[in-house]
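Below are two complexes that have chain A in common, paired first with chain B and then with chain C.
For the complex of A and B:
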C-alpha cells in the first residue's frame, strides 16, 4: 500500500510537471469553458432572470464539455510514442497510474472551474448570496466526480477508433448523478441555502466520488493491460 | 439460425401475443385510469426484464474479467444489446402512457431521467464495442465500462422511493386486484421467456461473429 502511494505520488508529480510545461492545455481548456459560458448566455436569451436561475447548470455543463478536451488530451500524449506502454513496463501498479492521472486531471479541472466562477457571476449576473465559499468548495468535489470516470474512459477511448465521439458518449451518462449534485450545491451557493440543504448535496457528491474513484482504481488494470 | 431456435422464437412471440390479449380482455379497467392501466401489463414486465438483463451484463462482465472465457463476452454482448432494446421500449411505453396521464410525452422526472441515463450508459458501451477491433481488448474494456455503468440500475429502481417523483412507487402485490395481478404475472412470464430467447439467439450470433472475426 505504501509502495503504491509512493508510485502514485511520482505519477502525480509527472502529471503536474506535464501540466506546468504544457500550460497551453490549461489555457485552451479554460478558454473553451469560457466560450461555452458565453454561448449559454446567448442561448438563454435576454432574460436575465432565466440566466441567473440556470447559472449553476451552465457553469457545470461548460466545465463538463471542456473536460472532454482535457481528458482526451491527457491520454493522447500517453498513447503517442507508446508512453503508456513504457510506463506499464516499469514496476508501477496500474492503480497508481490511474490515481496519479486522475489527480492530475482533478487539479486541471479544479483550476478551470475556479477560474470560471467569477465569469459566471459576471455573465449571468448571479451574485453569490452567501459569499464565494460554497462555490469554491463545490468545484473540487464536482471536478473529482468528472475526473475519475473521465480518466477511466479517456484511457479506453484514446486507443479506440472515433475516440472524440466515444469519450463524451461514455462519460456524460455516467457522471449525471454527480453532475446533478454539483449543480444543486452550486445553485445553493448562488441563491443562498435557506433550508440548509447544501451539506446534503455535498454528501451525495462525495459519495458518488468515493464509488467512482474506488471502482476506477480496481478496474484500471483491465483497461491498460496488453 | 437453427430450426429449434426459430420454433422456440415463434412460440415465445405467440405467448407474448397471448399475454397482451389477456391484458386487453381479462383484466377490468382501473378506477381512475380506466383502460390506460392496461399498458402496465407490458410496461412493468419490460422494466423488470431490462433491469434483469443489465444485471446479466454485470455478471457477464465480472465473469469475463475473472475467467477470460469467451462465453462470458458473448453473454455480455447479447445482454447489452437486448437490454438497450428493452430500455428504449420501456421509455416509449412510458411516454405513450405519460401523454394522456401527465399531459406530456416527456418530463425531467427522476425516474424518467434515470431510465434515460441507464439506457444511454449501456448504449455508449455498444458504441465502444463497435469501435474496438481487437476482440480481447473489446471484451475487457466493455466489461470494465459495464461494471461502472451498472450503478445506474439500482439508482433507477430506488429513485422513486427516495426522491420526489411523478412516477408512482412500486405497488405492493397485495394492494392489487387479483384479476390484474394474474394478468401482470402472466405477462411478466411471457416477457421473461421472450427476453431469454433473445439472449440465447444473440449469444449464438455473437459466437459466430467472433469465430468469423478470428478466421479472417
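For the complex of A and C:
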C-alpha cells in the first residue's frame, strides 16, 4: 500500500510536469469550455431569465464537453509511444497509474472550472447570491466526478480506432448522477441556498466520487494489463 | 541448479484469430546472449513482448528466472519499436521519472552521457531525431541494470556510431552477466558475440541451439503443422 502511494505521488508529479510542459492541452480545454459557454449564452437568448436559471447546467455541460478533449489527450500520450506499457513494465502498480492520472485530470478540470466561473457570471448574468465560496467549493467535487470515470474510460477507449467518439459515448451516461448533483449544488451557489440543500447535494456528489474513484482503482488493472 | 533465465513451453499468441507465434519452446541459461532472427512478420516482436510480459501468451507458458514474467518485471527490460517516451518531457525528465517510479539505482546523468545524449538531455524529446530517441531508449535500459534485457531491432534508426555503441553495450552487458535476447536483421553484427541463436519463420521456432554448432536444432517446436501460419484461423 505504501509503495502504491509512493508510485501514485510520482505519477501525479509526472502528470503535472507533463501538463505544464505541454500547456497547450490546458489552454485548448479551457478555450473549448469557454466556447461552449459562449454558444450556450447565444442559444439561450441574450438577457433571458432562462440563462440565469440554467447557468449551472450550462457551466457543467461546458466543462463535461471540454473534458473529453483533456481526458482523451491524457491517454493519447500514453499510447502514442507505448509509454503506459513502459511504465507497467518498470513495474508500476496499475492502481498507482490510475490514481496518478485521475488526480492529474482532476487538477486540470478544476483549473478549467475555476476559470469558467467568472465567465459564467458575465455570460449568463448569474450573480452568485451568496458569494463565490460555494461555487469554488463545488468545482473540485464536480471535476472529481468526471475525472475518475473519465480516466478509466479514456484508458478503455485509447486503443480503439473511433476513440474520440467512444469516450463520450461511454462517459456521458455514466456521470449523469454526479453531473446532476454538481449542477444542483452549483445552482444553489448562484441563486442562494434558502432551504439549506447545498450540503445534501454536495454529499451526494462526494458519495458518487467515492464510488467512482474506488471502482477505478480496483478495475484499472483489467483495462491496461493484457 | 539455478533456474534458467527464460523457459518457454509451447508459447503461442493469437491476435484476432491469427496466430502471430505458435508452439515455441526453448530454454535459455542465465548469462546467455540469444540472437533471434527471421523474416518480416515471422513473429519476433510478438515473441519478445510475450517473454517480457508486455503480452500474455494465448497458450503455453513462460518462466523468467523460475517465476512468472510479470513477477520478474523489476529484473527485465524491453527495448521495443515504440520507445515509451513522453514527447513533451526532456530526455532527462523521462529517465528521472522512470528512475523514481521504478526505484532504479542507475545514475541518469551517467547513462545519458554513455549513450551520447548529455548535451541534449534537457531538450524535449519531441525535438529528438529517431536515432536520438533510440539512444534514449538504450539509456532507459541501462538505468534499470536488468538481469534480462530484450532488444527488438536495436540497430534501427541508428547511425554508424550508434551501431558501434550498441555493439559495445551488448558486449558490456553480456560481460556483466546480463542475459540478452536480441531480435535483429543485422545478424552479422550480433552473431559473433551470441551464445545461442533462434530462427523464427511464420511464427514457428524452426531452429534453436548454441551458436556456432552445425546442428542447432534442439529443442525446436514440436508437432509443427504444415501451411502458412499467418493464414490459420481457429
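Note that the second predicted complex is superposed on the first by the 224 of 226 C-alpha atoms of A that agree within 3 Å, B and C clash if a C-alpha of one lies under 4 Å from a C-alpha of the other, contacts with A are read in each partner's own complex, and residues count from 1 in each chain.
Methods note: a contact is a pair of C-beta atoms (placed from the backbone, for glycine too) under 8 Å apart; a residue touches a chain by one contact, two chains touch by 3 or more.
Quick caveat, the model's predicted, so the values are computed rather than measured.
Visitor: Which partner does A:149 contact after superposing on A: first (chain B), second (chain C), both, neither?
Guide: first
Visitor: I'd like to know which partner A:2 touches here: chain B for first, chain C for second, both or neither.
Guide: Neither chain B nor chain C is touched by A:2.
Visitor: Mind working out whether A:14 is in touch with chain B, chain C, both or neither, as first, second, both or neither?
Guide: second
Visitor: Looking at the overlay, what does A:90 touch: chain B (first), chain C (second), both, or neither?
Guide: second
Visitor: In the superposed arrangement, does A:215 touch chain B (first), chain C (second), both or neither?
Guide: A:215 sits against chain B, while chain C stays out of touch.
Visitor: Scan A:77 for contacts with chain B and chain C and give back first, second, both or neither.
Guide: second
Visitor: Using the touch rule from the top, collect the residues of chain B that touch chain A in their complex.
Guide: Interface residues on the chain B side: 65, 113, 117-118, 120-121, 123-125, 127-128, 131-133, 137, 140-141, 143-145, 147-149, 151-152, 155.
Visitor: Under the definition above, what is the set of chain A residues touching chain B in their complex?
Guide: Per the touch definition, chain A meets chain B at residues 149, 152-153, 156-157, 159-163, 165-166, 169-170, 172-174, 176-177, 211-212, 215-216, 219, 222-223, 225.
Visitor: Applying the document's contact rule, which stretches of chain A touch chain C when the two form their complex?
Guide: So the residues of chain A touching chain C come out as 7, 10-11, 13-14, 17-18, 21-22, 77, 80-83, 85-92, 226.
Visitor: Which residues of chain C touch chain A once you look at their complex with the stated criterion?
Guide: Residues 52-56, 70, 73-74, 76-78, 80, 82-89, 93, 97-98, 100-102, 104, 124, 140, 144 of chain C touch chain A in their complex.
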